[in-house]
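Listed next: structures, encoded as structure tokens.
Both complexes shown next keep chain A, but they swap its partner, so chain B is in the first and chain C is in the second.
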Partner chain A sequence: MTNLGIHLGLLLVLPPLLLGVINKTKALFAGRQGPPLLQVYWDIAKLMHKGIVLSSTTSWVFVAAPVVGLVTVFLAGLLVPQGPFPAPLSFAGDVILFAYLLGLARFFTTAAALDTGSPFEGMGAAREVTFACLAEPALFLAFLVLVRLSGSLSLAGMLHAPLTISATVEAAPLVLVAIGLFVILLAECCRIPVDDPNTHLELTMIHEVMVLDHSGPLFGLILYAASLKLFVLGTLLLHVLFPFQAGPAALDWALYVLELLGLAVVVGIVESVMARLQMRHVPYLLTAAMLFCAFGFALLIR
Partner chain B sequence: MTSLLDSMLVMVLVLNLFALGSSRLRAVIQVVALQGALLGVMPLVVHQHISPAAAGVSLATVLLKAIVIPTMLMRALREAQIKREVEPLIGLLPSMILGAAATGFAMVFASGLPLADEHTAALLVPASLATVLVGFILLITRTKAISQVIGYLVLENGIFLFGMLLVEAMPLVVEMGVLLDLFVGVFVICIIVNHINRAFASLDTRRLAELKE
Partner chain C sequence: MTFSLALVVGAIALAGCSGLPGLFCPRPGRWGQKAATWLVVLAAVAGIGGAAVALAGETTATWHGIALDALSAWFLVPVFLLGALGSVYGESYWPQASHPVNGRRLRLFWGWLMAGMGLLLIARHGVVFLVGWETMALTAFFVIATEDEQATVRSSAWAYLVATHLGTLSLFSLFALLRKATGSFALRPLTVDEAGIGLLTAMFLLALVGFGLKAGIMPLHFWLPGAHANAPSHVSAFLSGVLIKMGVYGLVRILGLLPAPPVAWGVLLLAAGVASALGGVLFAIAQHDLKRLLAYHSVENIGIIVMGLGLAVLGRATGHPDWVLLGLAGCLLHVWNHSLFKGLLFLAAGAVVHATGTREIDALGGLGRRMPWTAAFFATGAVAICGLPPLNGFVSELLIYLGLLRTATVPATPVWPLAALSAPALAMVGALAVACFVKVFGAVFLGLGRTPVTEQAHEAAPDMRGAMAVLAAFCLLIGLAPGWIAPLLSQACACASPGTQTGTALASLAPFAWLSAANGALLILLGIGVAVSLRLLRRHPVRRPGTWDCGYAQPTARIQYTASSFAQFLSSIFGWLFRAHVDRPRVTGAFPAASRFASHVPDLVLDRCLLPMARTVERWLGTFRRLQQGLAQSYLLYILVAVLAMLVCTMPLGEIIKRWFCR
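And then the complex of A and B:
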């Protein structure tokens, strides 16, 4: 019961901190002091107090999209176990639910972007869907490897498999899946080699351009959902990267939070040392992620 | 032991794909250097007991493949003032897919080979075949002299991997001789690169077909 409480607590409270850590890392790399670690919380709180401006061309989809986006990502977060602890929700086949919860969030975001009728946002929606077409198969191939490794069809069973099967035995496919999942994380969360979360040049944006028309609380929800998505996918990746168990529950939770913050630092470092890829090169990266996961699967069935 | 070896081999295969997919010459050279370093350490992992000779070969391999040769290539790159992009004949993505297909083919092919029992489980044979094939792809699809050197290096890495099967039997002299050959080969090519550059103002090997006074 306490574990469930901590799971929900972390899921609700921690995500914006990850964005804060990423921004701080980037600032340190650039030799700046950077915004305080808790800045994203203040940003969200500020947005929640503002009014909403709605264009007269928009329909209910525009208002529903941020809400649906947040709820679906939160539900996906309930399916992913944190550290060695069980997930609040778990049943055979929830992998597919997980992938399509993220898919539903994306559908509504793009639908809202199209709903505004602005050509810019339509362009962003087209880009988002194009890249998702490549990121989703990669995600499924990664899951395929884990299913094959664990023999379990539930996300909790799959992700705890690296813990039990003594990671040294099947290290090779897991390395490949970890690389693939990291690329998926960067692509899905719109981090730098794929998309720049800070850019304000419409021609180069993917995700940011779709949410240009959202304001006030709606935009706050989008910001929060984005950090939540980073949190959920990061948790997914950590299971493959660090299949370790400390023992006492308190220690395990501490280890998990530290790993997550470490991952945020790594993402920050990647963003600092890499330039954004050209738009036409992004599919290369995603195809490479797909190849890595497929290759891991080939190693397993060899 | 084998699991550590297998993960190192997977890293080698991943680096193959990086070498095929990256568009910067500098990055490709760094990738090949990293691959060479991995290969240099590998005999120590394969050997059950580490003899001073094996340690010496390992050290020489790392020194040569990870430090000396990449430094020479970087120097040639700087001196010849080559454009930094790779400019392959076929696109980067097709060459990556080709590399992945070659890797898959190597796996299928290796599983059909009548190998000694202790080699069937390990990834050594498929990895070496895949690396050789990737070296071929690099050699065929890249037109600049310097990227052909890189293809040659990857090819040699694949052969080195294959030699790892014989690590118990191969005498020290042979390994040192191979390393020396490699070093001299790259050395000569780096000089040639400079000369091609002076004569043609370009490193595109396709233009070497033209006669010139």
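And then the complex of A and C:
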């Protein structure tokens, strides 16, 4: 029960901090002081009190999309176990629910972008759905490797399996899958080198340009959902990257939070040392992620 | 004959007669149509009633070559449901008053089409089956050719007719082989010693071609997009939702009869399924025609259905009852689901065509404001067809995924990588479907209208909306409570694969209760979220200016991203497959003249293989055409020459030559 409470608490409270850590890391690399760690919380709080500007061309889809985005990512967060603890919701096949919940969010986010009738937002939406077509099979290849290693069809069973793996033969596919999942994380959360959250040129963005017309509380929801998505996908990746267990529950929770913050630092470092790829080169990166996962799969064919 | 079979037979007779009163009513009157609709609705009530009894587990004995079991009943339900809803929809979509000439014909053939499908579903005798099959196939030709004054309609109807004849030819051979093996035309399970593997494989391949042509499996789909796009929309819904499922029924039924399938059959079916699913959705993305796009999605969904079937065959071949059960359950449930959401989508597309008079996606836009109900129904169908929670498409795709992923949990089976790799392919299909439906939903219903036709658009009539509402409600119901239909599903699975133990097994393999809980939670949370955001909208000051245009001084609806531009990135990635014909505008000089850009993606099989091949053959055979001048004298000459040639053949040539040249 306590663990369930901590799971929910972390899921609801921690995500904006990750964005803060990424921004702080980038500022350090750039030699700036940077915004405070908690800045994203203040941003969301401020947005929640602002007025709303709704384009006259929009319909119910535009208002519904941020809600769908938040609810689906939150539900997906209930399926992913944190650290060595069980997930609140877990059943055989929940891994498919996880992927398709993110698909539902994508459907409505991109539809809302088209709802505004803005060419820029159409551009962003087209990129989002195109890249997803390459990221989705990569994700499922990664899941296949985990299913094969664990023999389980639920996310909790699959993700806790690396804890018990000792043989090098079984660890090798996991390394490849970890690389693939990291690229998927960068793409799905729209970080550099796939997308630049800081750019001010609408022509070159994906996520930020799709939500160009959202404002006030609706935009607050979107910002929060984006950080939640980073949190959920990061948690997924951590199981493969650090399948370690401390022992006592309190230590495990602390270790998990530390790993998560460490992952945010890594994302920040990647953003600082890399430039954004040309838009037409992004499919190559995603195909590479798919191939990494496919090689992991090939290692398991016997 | 039991009561349930009598109900179904009565329903078939009623449906077959439904168009007859209309023939005796005056052309401009509406009573013929009313009578037809009522008769079809009555038939549907009786038919679904009879099917429900059979789905509850009652199997009747064969009576004069017909019988009813859960598998037949499973496929009868969409026939009657969509038949009735299509008729009701047609009251406003194709009213007798505005279609005095072809309306009566359409309704007559509609009834016969239903009757033909009903008959083939309850047939247990090869000849009865073929009578039902041909009734369906030929009446389908006439309903596709309803608007035969248009050249495109005629050419797609002819393509359909050629395809269906090819299919029937292989079915004739199939039943002939079946008779050779069993000694009768009765459709009964074969035993291993009745037929060798060669004969069995020949039967399997003939079934795959014959039924695959009707179902529209990828290389055999060439007739499908044109026929479904050019028929009236409620006919398209019926064809796409129900008719192509008869091919699936045939495959499932015949595979249930053939004993001990080898692994290769399952692999072939799985590969065909993956090819169909990926090819269908990819070509759908490249379409500009709303109904053609939906038709290609039927190819995609048939692919998903065939993947389930392939997994089931693979399971039978390797002795894994759980694969059989999950594959068949996914296959059969997706048959229902596809009927529901594809029917819904075609009916909504029909409402758009009715309101605007065009099927061109890039000519539409912003219809959501003028047609809010239609937009909501289309969105429901779109979410369902993408397999997204909380609707029905998710449940059936989940069953297939579960089966495919389970193959990876078995320690040592040589075929597992093939089956398991279908799962990422299915994931890609899902993501591509999302891309395609965001494109079409966004371009048709959201944003601003691109051409003046959108300004006179009107909401669909109440009976059209009613038909769509019923389908949408079923989509939601199956998504929220899959546990309710699980018992019916396992009955149908037990019929489709005798020998596999079912009953409680399906419920233990598939997490129906969890799905209900998750989908319910999603819906409740969404409801709360929407309520909260509506409260936010009410409490916060809301301004409604135009869309942010980055300071552009004169925004117009034409600067919106069109459906073609939305799909451009994906089309460029898959350009090697599409080979689009592109008309690029020529822009020269300081003041270029008006110019336009057009692109068209030809079908892979019909336009790029079959038609060029047919043209080549035609050219070769064209040399013989000069023999046929239409002159009676020359035909007499041919006859004379032929008679002489035959006489020469009868002569003892060797004798003559000997006499001439020997001394």
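The definition used in the following text is that the second predicted complex is superposed on the first by the 298 of 302 C-alpha atoms of A that agree within 3 Å, B and C clash if a C-alpha of one lies under 4 Å from a C-alpha of the other, contacts with A are read in each partner's own complex, and residues count from 1 in each chain.
Here, a residue touches a chain if its C-beta (ideal position, glycine included) is under 8 Å from a C-beta of that chain, and two chains touch if they have at least 3 such contacts.
Quick caveat: nothing in here was measured; it's all calculated off a predicted structure.
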{"item": "Chain B versus chain C as contact partner of A:F120, first or second or both or neither", "value": "second"}
{"item": "First (chain B), second (chain C), both or neither touched by A:S55", "value": "second"}
{"item": "Partner chain(s) touched by A:L104 [first = chain B, second = chain C, both, neither]", "value": "second"}
{"item": "Partner chain(s) touched by A:L4 [first = chain B, second = chain C, both, neither]", "value": "neither"}
{"item": "Touching partner for A:P283 - first (chain B), second (chain C), both, neither", "value": "both"}
{"item": "Partner chain(s) touched by A:L38 [first = chain B, second = chain C, both, neither]", "value": "neither"}
{"item": "First, second, both or neither for A:L299, with chain B first and chain C second", "value": "first"}
{"item": "Contacts of A:L291 with chain B and chain C, given as first, second, both or neither", "value": "first"}
{"item": "Chain B or chain C, by number of chain A residues touched", "value": "C"}
{"item": "Which superposed partner A:L176 touches (first chain B, second chain C, both, neither)", "value": "first"}
{"item": "Chain A positions touched by chain B in one structure and by chain C in the second", "value": "283, 302"}
{"item": "Touch list for chain A against partner chain C, complex", "value": "50-59, 61, 63-64, 66-68, 70-72, 74-75, 89, 91-97, 99-101, 103-104, 106-107, 110-111, 113-123, 125-127, 129-130, 132-133, 135-141, 143-144, 147-148, 151-153, 202, 212-213, 216-218, 221, 283, 297, 301-302"}
{"item": "Partner chain A, residues of chain C touching it in the complex", "value": "365-366, 368-369, 372, 375, 379, 382-383, 386-389, 394, 397-398, 401-402, 405-406, 408-409, 412, 417, 420-421, 423-428, 430-432, 434-435, 437-439, 441-443, 446-448, 510-511, 514-515, 518, 521-522, 525-526, 529-530, 532-534, 536-537, 540-550, 557, 559-561, 565-570, 573"}
{"item": "Chain A-touching residues of chain B, taken from the complex the two chains share", "value": "3-4, 6-7, 9-11, 13-14, 17, 21, 23, 92-93, 96-97, 100, 103-104, 107, 111, 123"}
{"item": "Residues of chain A defined as touching chain B within the complex", "value": "168-173, 175-176, 179, 281, 283-284, 287-288, 291-292, 294-295, 298-299, 302"}
